[in-house]
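In what comes next, chain A is part of two complexes: it sits with chain B in the first one and with chain C in the second one.
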Partner chain A sequence: MTALLATPKTGAATALRGTRRHRLARSLTVTGALALAVAALFVLTMMVGSFRLSATEVVASVLYLRDDPSVDFVVRGLRLPTAASALTVGLALGASGTIFQQLLRNPLASPDFVGITSGAGLAAVGGIVLLRIGGLAVSGLALGGAIVAALLMYLLAWRGGVSGYRFILIGIGMAVFFDGLIGYVLTKAQLFEARQAMHWLTGSVGQASTAELRLLTGALIVLLPAALLLQRPLRALELGDDAARALGTRTELSRAGLLAVAVVLVSLAVAVAGPIAFVALVAGPVANRLLGPATGGILAAALVGAALLLTADLVAVHLLPTPLPTGVVTGAVGAPYLLWLLATTNRQGAGG
Partner chain B sequence: MSATSRYATPTAPRRARRAVALGPGLAVLGAVLVLVAFLSVTMGSRSLGLWEVLRALGSLDDDGSITSTVTLEMRVPRTLLGILVGAALGVAGAVLQGVTRNPLADAGIMGINSGAAACVVFAITVLGVRGVGVYIWFAFAGAIGALVLVYAIASMGREGATPLKLALAGAAVTAGLASVTTGIVMTNVDALNELRFWQVGSLAGRYRPILTGVAPFMLAGLAVSMFFGRALNGLALGEDMARGLGQHVTRTRAAAFAVVAVLAGAATAACGPIVFVGLVVPHLARFICGPDYRWILPYSMLLAPIVLLLADVLGRVAVAPDELQVGVVLGVLGAPAFVAIVRYARLSEV
Partner chain C sequence: MSERGGRRPTTTALSEPSEVGTVTRLRAEGLALGYDGRIVVPNLDVTVLDRKMTAIVGANACGKSTLLRGLARLLPPKDGAVYLDGRSLADLSTLDVAKVLGLLPQTPVAPDGITVADLVARGRYPHQGWFRRWTARDHDAVARALDATGTADLVDRPIRELSGGQRQRVWVAMALAQDTDLLLLDEPTTFLDINHQVELLRLLRTLNAESGKTIVAVLHDLNLACRFCDHIIAMSDGAIVAEGPPTEIVTAALVEKVFGMACLVVPDPVAGTPMVVPA
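After this line comes the complex of A and B, so read on.
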């Protein structure tokens, strides 16, 4: 350390350090508050219903602290699978949506619009209508469809590297292609299969099987920390490839890694719950507005996704006169909140 | 003055060269459009000969023969509507991509389709209205209402309607309205059945009354939109630069949104949502002309109806006497072609 660097900090350095500390504090507070909210919602979804339970009963039953057969049956047997699938699917969609948006540097570039969800939809609808399958096989097909669509897009967009702009245009083309085929398959279908396919296309968290849920949970346990580790290169990539390279990031490698994480998360989420609309799109911008100057937190976006989906599930099942699939409600729950944030926050967010 | 001319010199010849190439290109596209329009009138499940069509067109009133009825009551209105709707959607898409500076922006994600659908559902369930002829006015109102809402929300706050806020507000309004529509439709089978036929996005069954209803709006919108090229070029440089060049940024954005509302609203009201034309054709135009909106707008206006009519004719001929919807044909044939172009062309970004 030279004497020059060791001299007391100048005003600018102090200011910078102060800003950084402020940003870190804000990010920690917001993420912590979101985690608390998600935990509260998670418990709340298991409390309400025709058989009302107290929070302590639910927590005790989930953690195997007390033995009460009737409560255990209601909580672990009936409500936990739905609540857990809302939680995990929300986390996965939120994280992958914000990774896509930041990586492609476009606030609209969630997996819904660049063709990955459409690929899953085509595979699943094809399976339902043409092969007349149901249940786990549909989820498997959806998973395969999403991954094939993503791989195809990556290969088609590759030309000595993947530029975000070309990836987006290829994604538009693929989405239109898949949606056209979905429309064709639906018009050719019998009424019964068509309705089944429409229902799947709306997406719902109440249909997950234990096997799918376990798979998604496992993936989250591995991939969320991986995404957090990749947050730094993601920030660098957001500055543009040249700047990122100058900062010492291996651009293609980091991009491929981030895309892989995001694609696996979104495909598993779609396989579990169907293509639930707009969670992936809305989570990132909402999180960015809550985070203020510390934009781009993947964990915060994942938590916003989970909170949104848990709320949507509560509204869909308990507040509406007739229970509807969760995918119908997510837009109605998430959109007004994002609009309110847009109207009230006086600053430009990241990713524009 | 001398300083500006010194900087202007290198670009001036290039611009002139481009005009030499792009001007005749526009004429060629016009000729292609006429050809495709002719195909669209003659081809279909009932093929008509050249003379039959010309005779029917020449007499101009229905003399009761099948040929004359098919030509005047079905093929000609359908073709004209295809041309107008295609042009309107193509130009609206190009303007939206320019204003939001986002390659993903199109009428669908800015709330137009979902606003129109929500209004149609409202008309069916609450007012008990029936019939495509009435739906178009509700769809038109819904589309414009949604776009006004998007613009109003995005322009709140100190910095006004930035591209980012426009894009997000559009996506959020789309999400909310789509939720409401799906929710109603899923609980009301009657509404689903009616909406299904409006929502397929097709030129079929849209004849004279609909054409005469929406044509004035689209023609006026197209005429006005052709003057937006310079303003969009300015916005493409960024807000500060546009302001520095003497543009009134807020006014430009509001005017552009008004034109898009009229164009895309009328087109969507007449034919339902047709995604490909507004989203993809402006990119095709950009491949041909580069980033200059003074060329992109007219090219979009001619390319879009060519693409739409070709897809419509193919859909009629491919599985005659059945029909494939335009959206399906565009997705299955148009999208791979687009992907191929994106892969091999040199891109100029929005």
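After this line comes the complex of A and C, so read on.
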């Protein structure tokens, strides 16, 4: 076999070409189909409700193509903010979750579990209960809480570099600690504030304000392309730090950049919609199932996140007898997935 | 040296020795290496012979893997420096180094479910840019690496389904796809049975003979090191005890000194290289 060393045009070259072409086609098809599905769901959530609209009416109103005051009021005034919130929060959670999972090389390492969401929750609940604030200020606090929690974890996990395993353990510890504090703060609350805090903690895409949405949309426009560029060092980092360095990656810089992108996205998503359970955990693995193993498409994961959240919102608001917060629906779908993940990862020897 | 001109396009930044008198491409001077506060290698000078296959041997925890990691800039020197083509590694961009110097770590991680083709293709990392992703050159390098390691039939198989020997050959293929003139390997034979150890060393030997690649491997088995390598570096307590061709340096006294084991050294009945037999 080694006699073929000098001549590259061989069976291997052909097999390789076929494999790569197949993968590229699959990736384009899957990502394109996901984008279409997300667009369709986005329009669909704005069509259904007590005042039914056609797809053309919705699209025309969103794009300012036609002037019809009653339709515009329903679409732009009532339904667009919720739909846009589900779309952007879903994109952010999907992208952020898959970056965490790939970076920390563990399917359980979604921001829900490593304490970032809990940090946001603690800050928000503290604001609602102790400072008696509401609205945008709560979102601001949640954003700050998530970022502080992430920084704290990074510093605690730092020992001449951050290893994935230590980061996860410290993150899980912090999550438990924050959840304990949230419980303690709630015991100090009056009934009204306690209800408000509990509502925030379930997570709902219907509570977003325009300012928050603008911020999240702006962040996505900047950070999603950044995440796609950082996919390159991420593919090397997945092979372990030594291999990544040998390939010429600046490991700490790339890791810090990736963590920063993921943390800002998840923080803003939590600030907008509260802690929506499981979307960040599920999106990456679902995208990998569609794209093929170890492909790690951040864009596909973001689209899966958006599709999941738009669907959850449809189910929560329109299909169930009583409208429920979105977080309840994603939790009901996500919990069985988590059990399945816990049951199967160790069998495959990939429990990390 | 004359053949190197053909390779120049990939190694423009580094292929010409910048100092007069630089005869080897990779060397270390006054190198001190360690982890946290602990110094493992206090002060070491070493020169890697071009186009030769070198084995670093020594007892457990003697600093041989540490030295290899230091040579591959995975571990920053506490003191001294490693020079590649006359320039200190600390002054070179890590991406430029990766075009010339490859390393297969002791325990690389295969992402869950990754296929052979995908893994080997990741060896092309240093040759690709943020936007320039995949070219015919990348394709050829990966195909050559698959052919050279006999893993071309496995391209669509997931790594975790492969045997230990196959898996190690795939990792070597990834390092080959990086297309570097120098290749360092940290204990590449450790988890392999004797048959696969020999097979892998034969592969490295062939790569060295056919493409003039400089190879440095940390090896545990002294007999295999003597059999397959041109040059042996024997280490003990973070220092080099002896170095040279196996037939010249491997003696009962050296083995006693490095491994603390009494032995006889007899000629290998097949190749005539030194063979260590415990006394």
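Assume the second predicted complex is superposed on the first by the 322 of 352 C-alpha atoms of A that agree within 3 Å, B and C clash if a C-alpha of one lies under 4 Å from a C-alpha of the other, contacts with A are read in each partner's own complex, and residues count from 1 in each chain.
The working rule: a residue touches a chain if its C-beta (ideal position, glycine included) is under 8 Å from a C-beta of that chain, and two chains touch if they have at least 3 such contacts.
Fair warning: this is a prediction, and the values are worked out from it, not measured in the lab.
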{"item": "Partner chain in contact with A:G334 - chain B first, chain C second, else both or neither", "value": "first"}
{"item": "First (chain B), second (chain C), both or neither touched by A:T322", "value": "first"}
{"item": "First, second, both or neither for A:S70, with chain B first and chain C second", "value": "neither"}
{"item": "Which superposed partner A:S50 touches (first chain B, second chain C, both, neither)", "value": "neither"}
{"item": "Larger contact residue set on chain A - chain B or chain C", "value": "B"}
{"item": "Touching both chain B and chain C, residues of chain A", "value": "107, 348-349"}
{"item": "Contact footprint of chain C on chain A as seen in their complex", "value": "1-2, 4-6, 8-13, 15-17, 19-20, 23, 102, 105, 107, 160, 229, 232, 235-236, 238-240, 242-243, 245-250, 288, 293-296, 348-350"}
{"item": "Parts of chain C lying in touch with chain A, wherever the complex brings them together", "value": "36, 69, 72-74, 93-99, 102-115, 117-119, 121-123, 125-126, 128, 130, 134, 139-144, 146-148, 150, 152-153, 155-156, 158, 160, 175, 178, 203, 206-207, 210-211"}
{"item": "In the complex, chain B residues that touch chain A", "value": "102-105, 109, 153-154, 156-159, 162-165, 167-169, 171-180, 182-183, 186-187, 200, 275-276, 279-280, 283, 324-325, 327-332, 334-336, 338-339, 342-343, 347, 349"}
{"item": "Residues of chain A that touch chain B when the two form their complex", "value": "106-109, 113, 156-157, 159, 163, 165-166, 168-170, 172-174, 176-181, 183-184, 187, 202, 277-278, 281-282, 285, 320, 322, 324-325, 327-336, 338-339, 342-349, 351-352"}
